[in-house]
Amino acid sequence: MDSLDLVRLNLASPMVLGFVLGIVATLVKSDLKLPEALHSGLSSYLLLAIGLKGGGELAQAPLDQLSGPLLATLAIGITSPIWCFAALRTFGKLGVVDAAAIAAHYGSVSVVTFTACGTFLDGAGVGYEGFMSALVAFLEVPAIVVAILLARRASTSAAPWGETLREVLGGKSNLLLCGGVAIGALAGPSLEQVKPFFVDPFKGVLTLFLIDMGALAARRLSDLRAAGGFLAVFALVMPLVNGAIGAWLGEFAGLSLGGTTIFATMVASASYIAAPVAVRIALPEANPALYLTSSLAITFPFNLTVGIPVYHAIARWLHA
Amino acid sequence: MRSPAGSTPDPVRTVALKRVTIVGEAVLESRLVALIRAAGAKGFTRIACSGEGSRGVRASDWEGANVKLESLVSPAVADAILAVLARDYFEHFAVVAYVDEVHVVRGDKYV
Amino acid sequence: MDSLDLVRLNLASPMVLGFVLGIVATLVKSDLKLPEALHSGLSSYLLLAIGLKGGGELAQAPLDQLSGPLLATLAIGITSPIWCFAALRTFGKLGVVDAAAIAAHYGSVSVVTFTACGTFLDGAGVGYEGFMSALVAFLEVPAIVVAILLARRASTSAAPWGETLREVLGGKSNLLLCGGVAIGALAGPSLEQVKPFFVDPFKGVLTLFLIDMGALAARRLSDLRAAGGFLAVFALVMPLVNGAIGAWLGEFAGLSLGGTTIFATMVASASYIAAPVAVRIALPEANPALYLTSSLAITFPFNLTVGIPVYHAIARWLHA
Amino acid sequence: MRSPAGSTPDPVRTVALKRVTIVGEAVLESRLVALIRAAGAKGFTRIACSGEGSRGVRASDWEGANVKLESLVSPAVADAILAVLARDYFEHFAVVAYVDEVHVVRGDKYV
Amino acid sequence: MRSPAGSTPDPVRTVALKRVTIVGEAVLESRLVALIRAAGAKGFTRIACSGEGSRGVRASDWEGANVKLESLVSPAVADAILAVLARDYFEHFAVVAYVDEVHVVRGDKYV
Amino acid sequence: MDSLDLVRLNLASPMVLGFVLGIVATLVKSDLKLPEALHSGLSSYLLLAIGLKGGGELAQAPLDQLSGPLLATLAIGITSPIWCFAALRTFGKLGVVDAAAIAAHYGSVSVVTFTACGTFLDGAGVGYEGFMSALVAFLEVPAIVVAILLARRASTSAAPWGETLREVLGGKSNLLLCGGVAIGALAGPSLEQVKPFFVDPFKGVLTLFLIDMGALAARRLSDLRAAGGFLAVFALVMPLVNGAIGAWLGEFAGLSLGGTTIFATMVASASYIAAPVAVRIALPEANPALYLTSSLAITFPFNLTVGIPVYHAIARWLHA
């Protein structure tokens, strides 16, 4: 399949179409938002399912095959918020706290984008390492911690450091993701018992969830003006830069073509579940309109539709 | 539930107390509860809600929208709650707080 | 199987038994109602699942096989509210606004009744056209629009026409149904990915939902007196009339035996999801006790238990 | 959150405002919000609820039961909200509306 | 909805009524509703909530946490509700009840 | 497999690990509690699914195979609250009302513990009678009624007897369980249609639910001091006593090895869904901290982790 075919394949997936439906609904002033209890329940389901899958595969993967990707994940988690921060300060002239807040989001990972990439590869018939799901759990937290550290000297109202760490590590999404990995790794073959709930319906649940995400993202669009032109450009260019670096690093770490694509997508994606909550508490004077609009309303739809096939094309080019 | 149906019970004496109401971002919930407790409140009621205001910013839709906390307290405790709120939360967070007076059955339990 | 066997088969299905359980619970003053967030989530699931299925089949159906049933759907959607309205005015002496409100419900379609009919046919081993699900999306709206038009000259407090149209077309149920059809039609083979969520558990979800519906319907029973004797008769006779007309029209449009049964059931059913919301806004002075009690508390249980096998018998007779 | 724990903050000045409360059918939500906004309110808080009254009619159980809207406003805006409500909604819809007075921290923000 | 947009409606007359608020364990919901009805209330609004108090005991998490009931009533009915509550519920159940005054549009409907 | 292997197998199941995750989350002051609407929805699902399964098997089981276990269930349901009551009065010096309240819980059955036992046996490859699920429905209610009878002469504020019975029989959990049994028994082969929803994902749903239960149980731990030392001992010893009696009785009633294990587990388990609600209404002056802490925070985790393999070992010993 050539690149255009892949874009087309991706755009015509039920997940992406569901996302578009959510956007359209909000634009015609209708409301397809799920009740909050369901949104929260579906999020928990997705996080746990990803963790379980990653943990199950982690337990079976030989350590030497694992160590490269794991190190790459930690390395990019620690460094990418730094260059994001520098770019925002240098080219965007943003204040320290706002720049750090945004860097926390782009250094961390979007679980839904990750999942969409897996679905894309399944559709395209490209295999990937099963333990990628576990890497998500390792990529989520470091960038948030690094970015908050960058901001603390400038912030006048940062929360105490202990409280911040507790917020990041003990956050619901981190607990579900890491808890899922732990259960998956410990459960062994009995994991089969829960497959009909956590594996088989997964992509359908994701479709329902993406309708909701579309509705949420579209509501943020009205904040675009508040975010300003620079941030819009940043939210489109930074994923491409991070994605290219991620593809190169994934390839270097010995991942397969599919694994490299997923790794690139993880690096390119911006968190909008774990990071916003942690940043809100740790850096209260950062403006949520800036970090949420860029990550949720621009970068997420971009990655979902165009980004993923592009990162795959890069990975193919590197693998050739 | 014991009394014979239809019998008229005695009228009830109530105590005037302050009701402090706080509406704020859901991510603040545990902090606001701790604040209320620390200021001396004996209890509170928590209601999930949403809303719009002048800022309209929310940390995350994943943690839910807003939370409304209501606490029946003495006037002194009410003042203490509002003072800490005003000092620590009003600048950076989406929080609304107000006080009114209600007449509480067995109100002495709450002061 | 003879007709009595079919009635028995239908009554003993988990869905109908679930509905009865919901009724019984309410009658013994217990409460099996699901939390509102779940009721709303399950509704969304059912609507989307029906749409997806219909859309997927629509994309594959040859146009010449489709055009007849599609035209029949639009024709009956526009005309049936008119004769319902006339009957309510002539025999029931109802006011213009109340008659139009009820006509909107009986001209539109009940998604759950439609689904129950599909389950009935599956149980009886009778096949039907897959695109029937898509026809539901086309039958839902026209009758509501026609009925509101009938009432507007008499209503003193009707909402502006634009707002009414937006309410009908942009309503949650219409968006999910039509959105599902669109996604299903565009997604092509990747629809397979979401089958384990939207197809396999469908009938089980419906069972859970019908327990809830039973509880809701039973609560409406106390309004029966308010509705009056004529309306009770109307709510039992009109479905039979509409069902017979529907069966004849479906047969005429070239549908199979199963398709004809479903089409008759669609025409015979009365909406209680889309129509009530639209009517409440568009015709606020119409009395909800009249239109909700007749459609939800009488016609729906009647169709679910007795109506569907009867419409199937009519379809068989016409097909013989 | 900056201040040293234990230090006593200054007492807080509050402003007396009207709190308008509207309880109505959930299908009316977007209309009621628009009405409140149009009358000049700067914000509102929305709570899902249910209830029974003299009419007890509901458009649909699918769109949810009732919604409760609370808005802190000036007396003039309160009057305007109630007047439009009484004119346009009370006849045909299940709506309850009332006003009371509360003492709001930084209350000048809301008028 | 009929009136031409922009026209100013007449000011609205309100009636002062008592608002009785009861917060109690969710398992009591149907009993508390029956109590309110029996005391003469014409309606009520029900809100799901949770909370903490001095007892903090809950019958079961499966039936939900607390429920908040608000009813607009005449002063006599308010007294009657509180009296029955105090007699039959305060000893063994986690219940809070209080009264305040609100100004209700078309308030005569509720007395 | 020897007993230690079985304990290990049980502890490493996704369900038990999920329960531990819920506890850990609460201990690190995080919150994995599901929204209340979802908790309630998942409970309904589990109860209904158990009922449906039991009813379906009940309809097929020959009466002579069924009568023994059924009689045993009723017998133990009526007698076990009496000896629990006596033990609490004699050794624990508890008041009449509190003793009766606790006896109601230990005489009744925990649906989740029952389910975990079935999952354990599936994992261990041990078969059991399908109609066991139906016995749960028969074990839930009698003990509660007997215990309330024991307390009524001492209670000064007990609810009227009629109201109490209505509360017990018409309670949501009893209705769903018995309703499920009825639907399962009546539906016959059409039950197959709902299997992909009520059977296949069951264990996965249970895992999610147990995370929630872990969070709930951990919150109760702070009440342990209020419960006191005697009750802690009671909550660990009584299940073992009841489990041994249950194993003996199950064996005597002609159950298979697996069936005996499940029967012992049912008898050993303590209710925390049906009993608390009924007791709260019927015996309001009983202290919930006593009956909830012992049944939910001690006995339930004990049975889930250690108890089930122990009861299985007893059953194996009796069967040898």
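We just call them A, B, C, D, E and F in the order they show up, numbering each chain from 1.
Simple rule for what comes next: contacts are C-beta pairs under 8 Å (C-beta built on N, C-alpha and C of every residue); 3 or more make two chains touch, one makes a residue touch a chain.
Fair warning: this is a prediction, and the values are worked out from it, not measured in the lab.
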Far-end chain from subunit C, centres as C-alpha averages: B
Farthest chain relative to subunit A (centres taken as mean CA coordinates): E
Residue-number overlap at the subunit B/subunit D interface, same or different (half cut): different
Approximate Å spacing (C-alpha centroids) for the pair subunit D, subunit F: 45
Chain centre separation (subunit E, subunit F; CA means) in Å: 37
Cα-centroid distance, subunit D relative to subunit E, in whole angstrom: 17
Shared interface positions of subunit A, touching two or more other chains: 35-38, 40, 157, 172, 200-201, 284
Sequence positions of subunit B contacting 2 or more other chains: 1-2, 47-48, 100
Subunit E to subunit D touching residues, read off their complex: 1-3, 8-12, 14, 17, 19, 33, 42-48, 72, 100-107, 109
Complex contact set, residues of subunit B against subunit A: 25, 27, 48, 57-65, 91-93
In the complex, subunit C residues that touch subunit A: 35-38, 40-41, 44-45, 48, 52, 166, 170-172, 175-176, 179, 182-183, 186-188, 190-191, 193-198, 200-201
For the subunit A and subunit B complex, residues of the former touching the latter: 36, 39-40, 43, 157, 172-173, 216, 272-273, 276-277, 279-281, 284-285, 287-289, 292
Subunit C-touching residues of subunit A, taken from the complex the two chains share: 9, 12-14, 17-18, 21, 24-25, 28-32, 34-38, 119, 122-123, 200-205, 207-208, 211
